[in-house]
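We call the chains A, B, C and D, going by the order they appear; numbering starts again at 1 in every chain.
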């Protein structure tokens, strides 16, 4: 029956964030990019202590404040008001990026326009002649963190694959991404290419491959 | 009369230090090397505020403590117990040498084995095959401070000049020293060579030249 | 007596010249020396190069300086943010030169200037269009780009507390680029929320030692202006 | 729950291997992690490379480690000081390899390792015998030598106060190389005089954030041992 192949439901943005949160063990130091990655923090169970880092000089970022407790001096890299958890600290920008570039972060989670089968990341500019471009800390995070995980929609709004052989968008970093979480699947970037660890219930490898412009295979140990 | 030419008296170590102290204006940040330079601090009038820096992470070094007030955690680069003056601060070694190497010190005063007429400084090793050599912060200070002044005896114990055309001892830094204070004279290192600013009373330029292995002339504006 | 206090913004900005390179602390609106930046307009200085993480917000601080046409070139990591309309208009119209620098490289280049490091290698950006035409060298298994120190003529920074020796502390995320800018400029000017004139700050908790600070102006202006 | 406390020096040193590069904080006797360094002897580790400003004092700490013959190579700025008799004997007898590094370059090379800078240029030492055979490049009007980052396997540092997250403060001149070593090693172990287990240190006055610290051992040993 034709319907049998379409019975899967893509994950929502919050579900992607929750799925990523599952894989973050206690004690990791983690930087979260803007968008879906930011949602990851709220999905880590309270009893599992993870230390969130912000580029603007903060370790120990906590959830958004109640309005009454808002500290106008305490913002994250996305310029949103945040709180500080016990054990947190403040430091200047050179020290903050020493943490990033010196490979002290266990993980960063970033959004992306495209990821290649070798882990090349494109997430900072839509074209080489971008009007008024902005790069921020994307390139630093992509080369610096021990692991770079990407959270993104599997395909563009028009249905084009975002996981490709070679990125068409300007690169943020080469061979950087180690894992991709999409609304359809979890994929590892390995020396042997992309390996599928999980798919949403009802989705076949063939159907996922159709939406992916690089060869996939199932992870042996999944 | 032959006696007339020998009526001069060389400065003592303390007098050299006191002479140097005269030339340090209020508000300068100054690093003092081990030996005679260390004595400079006590000769700056109390009402003239000068901030002394120590390589091991201190600004605002004060005089040696009374025994009862000794803090065993507060030593200078020479590993002597010191005090901290109001306005002082502590910082780590990379920041401390950022101050030195980043040209933030107005002055450092160093001892020397030899200084050349171009301001080359030799003050760290007695020979190229020194057994168990030690360099410390000498090379950092010599290239980093805005001004490098040397405090030394004009000649060796055996009467050999220490101010020379070309240093025989291993170099600490090239074209670094800007002024030399000896027990006999104060000399500026200029693009036009060594210029004598002061001599001890009774000493002639000819007599000073005899003890100096590089051409001297009197400073025009002295 | 050492006393780095200036009586006014105008006095604090004495000596700022046309063509100067200004280093601005702040990340978003937090820790931005808004009053000093706006004071630059009054000095009449123009043809400025401005180094800052963002390109200003709304109609205050750097946004006003841009609007007044005083800035020739911006060295920046993230100019395009919500509210950066003045930057976007100027840039689209070709009225502003932009050098885009990754945020960590921006911080490290200023720190290098302050620490006497004329140039350093970093993997950040090495495989990207920002490294076009630049020197690349491999260390270990990574390509790295050579980055040069970024020196300022004048740094304008914002502190929480200061004493007459120019020692500074910051508040929370207000620290950001401020201590780094302070190291990198020949003349560093701080506006401070709180002043302890003769009572020195705790030597253990000073973030920017006074050696990096030339002038302090006391402006109890309240929370960040957005 | 994050808890970086180790119950003993032996537990804190778990995993230290033969041939490791050790980064030691301390300047003179102040801020030296004497008990951790002596604990290295008990682990049996040998063939070590040790990075430290001095080569040890009297008969404690690094001096003992040297005497026990565990150190193959010393990377050091000022090995020869009053009381460094064990170093001098070993070095004269050819029992120790020495790499002499200017003190600021030593600090900056470790800071570079911790900050992801594989190499940098500095004028320090460029015109001296220490730069023989090294790459020299001119920046502005100064010759500079290329210096590489100095990475450690294990850093042994000394703190004044710590919490269970590994945040650290230091006391007075006890800070020195400790925060720099903490950044530069894969495994950083701190001995601390005071412990605030669950009561976090003040986020504004932490000198070494816990991200740079892996293990903490509480040793209320009193003043520096000279």
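Details
Going forward, a contact is a pair of C-beta atoms (placed from the backbone, for glycine too) under 8 Å apart; a residue touches a chain by one contact, two chains touch by 3 or more.
Just so it is clear, the structure is predicted and the values come from calculations on it, not from any experiment.
Shared contacts of chain B and chain C, meaning chains that touch the two of them, come down to D.
Under the contact definition, chain B and chain D share the contacting chains C. Among the pairs A-C and A-D, the greater number of C-beta contacts is found at A-C. Work out the mean CA point of chain A and of chain B, and you get 56 Å between them.
Distance between chain A and chain C, defined via averaged C-alpha coordinates, is recorded as 30 Å. Here the CA centre of chain C is 33 Å from the CA centre of chain D. Separating the CA-averaged centres of chain A and chain D is a span of 35 Å. Multi-chain contact residues of chain C (touching two or more other chains) are listed as 108, 111, 115-117, 122-124, 142, 170-172, 203-204.
Annotation for chain B: residues 84, 90-91, 94, 97, 100-101, 143-144 touch two or more other chains. Listed by chain label, the pairs that touch are A-C, A-D, B-C, B-D, C-D. Put simply, chain A touches chain C in their complex at residues 54-58, 71-77, 79, 84, 90-94, 96-97, 100-101, 125, 128, 131-140, 143-144, 170-174.
Listed in rising order, the residues of chain C touching chain B in the complex are 1-2, 111, 113-117, 163-165, 167, 183, 198, 200-201, 203-204, 206, 209-212.
Chain D makes touch with chain B in their complex at residues 27-30, 53, 77-82, 87-88, 91-92, 98, 100-105, 107-108, 110-111, 122-130, 142, 170-180, 207, 223-224. Interface residues of chain D, counted against chain C in their complex, comprise 108, 112, 115-124, 137, 139-140, 142, 144, 148, 169-172, 204-205. Residue ranges on chain A touching chain D, taken from their complex, read 26-27, 29, 47, 49, 51, 53, 59-60, 84, 86-91, 94-95, 97-105, 143-144.
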